[in-house]
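Below, each structure is written out as structure tokens.
Each of the two complexes below includes chain A, the first together with chain B, the second together with chain C.
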Partner chain A sequence: MKVLAIARNTFREALRDKALYVLVVFSLVLVVSTRILSPLALGEGVKITKDVGLSSLSFFGILAIIVMGAGLVHKEIDRKTILVILSKPVARHEFILGKFLGMADALVTLVVLMLITLQAILLLSGKGPDLPVLKAGFLTFIELLVMTSIAVLFSSFSTTALSAVFTFAFYVVGHLSSDLLLFAARLPSSFARQVCQFMYYVIPDLELFNVRAVVVHGGDVPTDRLLAATAYGLLYTLGVLVLAAVVFSRKDFK
Partner chain B sequence: MPDLNVRQEILRHRGNAVRAAESAAETPHPEAVEPVRESLGERRVVVRAVNLGKVFASSFTARKKWAVRGLNLEVFEKEVFGFLGPNGAGKTTTIKLLLGLLRPTYGTIEIFGTGPANPASRAQVGFLPENPSFYDYLKLGEFLRLCAALSGLRKRRDVERRVAEALFVSGLIEHEDVQMRKFSKGMLQRAGLAQALINNPRLLILDEPMSGLDPVGRKEFRDSIVRARENGMTVFFSSHIIADVELLCDRVAIINNGQLEKAGPIGELVQEDVKSVEVVAKDVTENAVLQLEPFVEERRNVGDAVVLRLRDDRATTLVLGTLASHGARILSVTPHKETLESVFVRQVTRASLSHAAEGAEAPGGGGRTKRGL
Partner chain C sequence: MKSLLRRQGVRQAACLLLAAALLTGGVCLRRQVFGYPARREGQELMYFPSGKFLKQSALGHTTTLADIAWLRAIQYYGHHRMTDRKYEMVGHIFDVITTLDPNFVHAYVFGAVVLSQDAGKPEEGLALLRKGMRANPDNWLLAFETGFIYYVILGDCENAGRYFALASRLPNAPDMTSRFAAFVNEKAGHTATAFELWSEIAKATDNKFIKEMAEEKMEKLRVQLRKERSAAAPPEQG
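And now, the complex of A and B:
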């Protein structure tokens, strides 16, 4: 109940923040523009629409997390609103969970709006509705949840700017992390191999959520891939949130 | 150096104190003017802090600063407790420790018998932070409903009733649908009171509630505190404004440099007996002055009036009678008592001097277990 109240408030803040609207409008314009440009694409218009649509979902999602999520917790500390919230009978982990759910709620709005637009364009082109695109969109949403939890973790102990940088760094590294395993296999020293493997398990493997290449070319997402990636994403998110709650509950508010 | 700061502090607030006393004199609120001094008897302890200590350590320089050290505090049910100290004395730190916003380095705290680490200890507590700031994108009504939900109110009807009551008490009914970014300082403070009262708390903790308010705002806030006490709440408030504390509180604690200097009912801290009496009169003959010589400590002429300072208040009647029989006109008779202000100044300056002497590094008192250093 208290968690939901905090989540609702966070969502409301996101809605009243102009940044979210800018991101939504931008991404929608981008998707729609692919339709207008499709005559130039020599019959590949639908592929371009799908590709740009799904990519911009990921891109604008992570942008929203960096713009809003990175300050999620720290802004409350900075503005001292945290004093009002935590002086009520609210546990620290409830606050963290509420903040995460509120941001997730804002991301749901973004993702749903994007997917509806994308499907509408595909319908207009006579290629829809496209179920694999929805599955790919869903996996992107799980990826955004992972990134939100990371943003909440960083935001709970560092400043807004720093956590924005850290979160973005994790996003970039997360998309390359499967290379770490390949890299590890070629290393001569077993210690270095273990370090690389350890890094791989700490850093999220965001490429697991990327099924765009298959979907754009008309393929379907295998159900086991969908389930495995979802389970991985949710478990990773849970783990990071627990860590964030532990860090946050030890914090002093001077 | 701290000595000097404290003096400046007090000089600055002396002006405020005079203004507050004036505005209080204009308003016939017997409760506010005359603090009720009941016997403490067997009243329940609401807040108990034992040997509380908090050190702030900088992670870069390894320098430690003791914000609170060896603080013992008891607040009883249904009293107004004033927490008095100069800026930087540790008032806000203590309050944050009570609310679980800071974790004590050592010592124990109980609020209604529960430690602050348990959120349930705050179920019956309302808190107004110093210079509060709220979500400026929210309307006041939305904010209060959020606070009601966070206080554990579930039923819509309960929430609406509490919100309406808080709006009424804080005098903000017509601002329910206004975004809080448009609020003035005084309105924010009242909104802060409204959110503190949203759960109808048994303990109200106010951190510097009157700082930065205009005289009217301060008067209104004092009335709110009196009303809260009349409704059976315990009020704990910190202030560096002595007049407010003197007007409102049953008991007072003076804190300086993180240590409790003095605590007790105002009546015990301030000696009630009159120290001297000042009589101002006109048309005083030399003869009368000669006759009164043994009772008068000091004699001054101010314009065509004479100011006589008497050694003993028991001589007042005699002096007045003698003056009257010599045809003098009495302009005023002023008994001088010790004020809380003079007690405060004495405590704070004495403490600063001794702290300066012993050096600021020593945490004071042995035998404490220090955790988390």
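And now, the complex of A and C:
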């Protein structure tokens, strides 16, 4: 109940943030503009609509996390409102979970709005509704959940600016994590190889949530891939949230 | 108070006019010095980064970057088709597109036809299609296009027959692929077969440029066919 109250408040705060509206409007304009580009695409208009729609879902989602999520916990510490909240019977892990759920709610709004627009455009082009696009959108949402948990973790012990930088760095490395194994194989030192392999398993493999290349060509996402990626994403998110709760519980606000 | 507000309004209007004048000056200068983007198109594509580099830096958005490159490629092709008919950068840009999105079958097909037919580089066109077949081994269209380029552009019936036969064995291949395989293997009626190949391509494609190209070819082949038939017809007895 307390978690839900914090989540509701965080969601309300996110809705009050103009940045979210700017991101939503930008992404919707981008998706709708692909209809205008269609005649120039020589028969590839639908592919471009799907590509731009799904890419902007991921890109604007991560921007929303960086802009709003990175300051999620630290803002409360900065404004000292955390002292008021924690003086009530609210456990620290409940606060972290509430913050995460509130941000996740805002992301659900963004994702649902964008997917509805994308499906509407595909319907207008005579190629909708497209179920694989919905599956790809769902996996992108799971990717955004993973990134939100990472933003919450950094925000629990670092400043807003640093959390934003760390979160973005994780996003970049998360998409290149498979390259770490390739580097590891070429490194002469066995210690460096082990460090690379360790990093490969610690850093989230965000490419597991990327099925855009299959979906835009009319392919489907196999159910086992969908379930496995979802399970991986949720486990990773829960793990990072537990870590964030531990870090936050040890924080001294004096 | 009123005069103060009026003075403020006048000052703001003057500032807006100044801003508009400065921006217009900037736009005019840009047009004068750098010209329209279309004039710089060839040069711009020279600095188009390699597909491998773009793939690494795309952070999972590779197919979207491929779409942007595809739109640029169409603009580049359309511009040169209407002007000098020189297509020096076509090979590079289609290599970038297909590296970013290895399943973009239409990019392989369009790139190969442009390279072979318009740029006069059939070997590069075939290399692009082979790259496509490595990434999409079950796609009949790529094998069919390879056979098409061997037959119509290089006049190599042996390789054309091999690729048409390969296309006919792949999933979802239409009947015409085995027909062409049979035609070419028998090496019968080259002009008629070429005409039929181009007409099938004109019918099957959504690509405006390929359709136009095919129709141009069909027109030439129609004239040639007429000549061949009249030459083969027995002379009229008087």
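What we mean here is this: the second predicted complex is superposed on the first by the 253 of 254 C-alpha atoms of A that agree within 3 Å, B and C clash if a C-alpha of one lies under 4 Å from a C-alpha of the other, contacts with A are read in each partner's own complex, and residues count from 1 in each chain.
Just so it is clear, a contact is a pair of C-beta atoms (placed from the backbone, for glycine too) under 8 Å apart; a residue touches a chain by one contact, two chains touch by 3 or more.
Keep in mind it's a predicted model, so treat the numbers as computed, not measured.
A.B. asks: Looking at A:Lys80 after the superposition, I want to know if it touches chain B, chain C, both of them or none. Which is it: first, second, both, neither?
C.D. replies: first
A.B. asks: For A:Tyr200, is the partner it touches chain B (first), chain C (second), both, or none of the two (neither)?
C.D. replies: The answer is neither, since A:Tyr200 touches no partner chain.
A.B. asks: Could you tell me if A:Phe170 is touching chain B, chain C, both of them or neither one (first, second, both, neither)?
C.D. replies: After superposition on chain A, A:Phe170 lies in contact with neither partner.
A.B. asks: In the overlay, answer first, second, both or neither for which of chain B and chain C A:Phe138 touches.
C.D. replies: neither
A.B. asks: In the overlaid three-chain picture, which partner chain does A:Arg212 touch, first (chain B) or second (chain C), both, or neither?
C.D. replies: In the superposed model, A:Arg212 contacts chain C only, not chain B.
A.B. asks: A:Phe11 in the overlay: touching chain B, chain C, both, or neither? Say first, second, both or neither.
C.D. replies: In the superposition, A:Phe11 contacts neither chain B nor chain C.
A.B. asks: Would you check which partner chain A:Phe253 touches, where first means chain B only, second means chain C only, and both and neither mean what they say?
C.D. replies: first
A.B. asks: Which bits of chain C are touching chain A when the two form their complex?
C.D. replies: It comes out as residues 56, 59-64, 66-67, 70-71, 74-75, 101, 103-106, 110, 205-209.
A.B. asks: Could you please specify the touching residues of chain A with respect to chain B in the complex?
C.D. replies: Counting only chain A, the residues touching chain B are 1-2, 4-6, 8-9, 12-13, 16-17, 79-81, 83-91, 250, 252-254.
A.B. asks: For chain A, which residues are in contact with chain C within the complex?
C.D. replies: For chain A paired with chain C, touching residues are 37, 40-44, 47-48, 51-52, 55, 58-59, 171-172, 175-176, 179, 206-207, 210, 212-214, 216-217.
A.B. asks: Given the complex with chain A, which residues does chain B contribute to the contact?
C.D. replies: Residue positions touching the partner: 56, 96, 99-103, 119-123, 125, 127, 129, 131-135, 137-138, 142, 146-147, 149-152, 154, 192, 195, 199, 205.
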